[in-house]
């Protein structure tokens, strides 16, 4: 009997999209305003979803307070009010597209979530653009 | 050609999380403020999703007015403005976690929805915490 | 490594639900107020989701500006501020239920999206009623 | 000690914007796609706000169940799933802009709300466009 | 040059509406399901709005981190996961209607907010019912 | 007979809060993570509200397409995907707090909106923090 529980979190960050091996013109043509060298930013909304079996004693799949704390410690404290390109090791060589940020977050959280639980992350860059990744 | 249709519903209820076989201290340590003996409460948002084939004549998978009425009769009238622990038979011995409430709702609705249709319920305890269950 | 990217769009349209081969009474009994011969209308919210592999160079699954433009050209310009029954060829013989509109949109977009990408559309008729279709 | 209580309601309707004394070209130039002769439609979200004194016995400004019923009887039943131009007497000679619809709703509700209570209506035509009217 | 800044907060609580000097029948007739003796509950959404002048040095009207902390200390910690009738001194003799809760919150916060700043609270009992109070 | 019409818009920008005449330590102590020298960012949601009389012929207070275009030309194109501190003349010497950004936007739009119409701007830095300014 599998069930999924999800928790929403938030962080506000700056970024720019840029590929160092491309020329300035190529980057501007491909990424448009997202290539602004002075950076722009977003309020990222994150939904972390865990799938597994309900504990028959507690009625919990996982303790949401624990999950909320993991997300705060590992994701919000790491990315909130940061410049993803400059402040975050992961994006020094990886373009911080919403897709790549979602994969990075999934990889960080995968180490924290027990292995018998499946993990999916949904990341909203804006209310109109979002990405889902479950590691498959 | 399978499609899913979903309908949102709402109910407001009180509950507490508690395991009778545990001591007061164990319950308080595990469930924290959710263990408050005087109860607290939530606005539960429910999404009921049905999957199956579109009727080629009507263009409906199922009649949403009928589905809305089923949800009202079987779920909203049963749980709205209730104390889940005290007023609802299902939770006299089952801890009313979001996970367990979602499973109870799924089991109730499963009897009402034609068997050739799949059923999923999504239950929001708050805007930030939610559960999905599809009976598998 | 598969990921999904989604983009929201909107259109406002009029429609009525009606089956020409049924009598007026049968239509009214089955579709209720949705059968109003003078039409009523909705703000349709559309989420288009694409699944595939991230391009290792750009970090994009697909260019969201391109996707947004495709949705504007093929869906919003076609259906926004239209009467679905009278103005849109597709619904001259097909009942414009949310289910059928979702399938029509999926079929239109399927031709635009590269074939190695999966496609899902989620269509909200109201905040409380929505449909998901992925072509299977 | 004045307080305001508000209640949200909804209705889905078709309309077109048109001034009969103008030529077809003038109407099309001024109202654009909103002038479509076959109508388009919206999910209108309505917030009705009442201002006055709290009853010291009940702690209510007004009974929200009563207010919800008034809105249902006088507004939702009158405009939901209707063509505002064709089905609703008020708009046979009055252009159904969001502004005019808000004023019409205010005038209808003003007769139902006790005169010692102030009344404001907020009407959303879409999530991005809305109107507020308080009768002054 | 006056400006308003607002901050949203949340708390989840149980309550019942009841007037001790009325009979059980009178209470049930007037308050309906809200009178359930076993309590029900809500996710309350609170918006605290402060009006005053922008500090020309800092560009702040007030420090939102400070305001968030005040709301947490004085409101969320006091009411979250509580039974308003049983756990909260204020509602031992005051009916916990949304109106009365809003006034109680305003009175608590008024003592914390500098007197040269105006204060308004908006309290959502559900997404569809809310109350605004500014102390006048 | 006064009425207000409002239109929502959006822009995504980077910024940092900093007072050049303060020491690094003072800035960090006062603005906390918002002082990050590498910038962070937000999705700003903007609501522009105009108050005045309905035109008795058209039923419009103002043409929302025109208003939407003004907001796009003067605000979205100016601030979207920009670094407010580095790219925008207004914030080279003015701290880009939400309060100051709202005032700057109001001042820009005031020149565009006819003088017989009142103007208010509401600016959301996040879903939980917002500012309202009407020029008084």
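Letters A, B, C, D, E and F name the chains as they come in the text, with residue numbers starting at 1 for each one.
Rule of thumb we're sticking to: contacts are C-beta pairs under 8 Å (C-beta built on N, C-alpha and C of every residue); 3 or more make two chains touch, one makes a residue touch a chain.
Treat the numbers as computed from the prediction; the structure is a model and nothing was measured.
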Neighbour overlap between subunit C and subunit D returns none
By Cα centroid distance, the chain farthest from subunit D is A
More contacting C-beta pairs: B-C or A-F? The answer is A-F
Equivalent interface to A-B (more than half of contact pairs same by residue no.) among A-F, C-D or D-F is D-F
Subunit C to subunit E, mean C-alpha position gap in Å, rounds to 41
Distance between the CA centroids of subunit E and subunit F (whole Å) is 29
Rounded to the nearest Å, the gap between Cα centres of subunit A and subunit E is 34
Multi-partner residues in subunit C (2 or more other chains touched) are 127
Every chain pair meeting the touch definition is listed as A-B, A-C, A-F, B-C, B-E, C-D, D-E, D-F, E-F
Touching subunit B in the complex, subunit C uses residues 17, 19, 30, 32, 94-100, 102-103, 127-133, 136
Subunit D partner, complex, touching residues on subunit C are 10, 12-15, 33-34, 36, 38-43, 80-83, 86-87, 126-127
Listed in rising order, subunit D residues that touch subunit E in their complex are 1-9, 49, 54, 57-61, 63-65
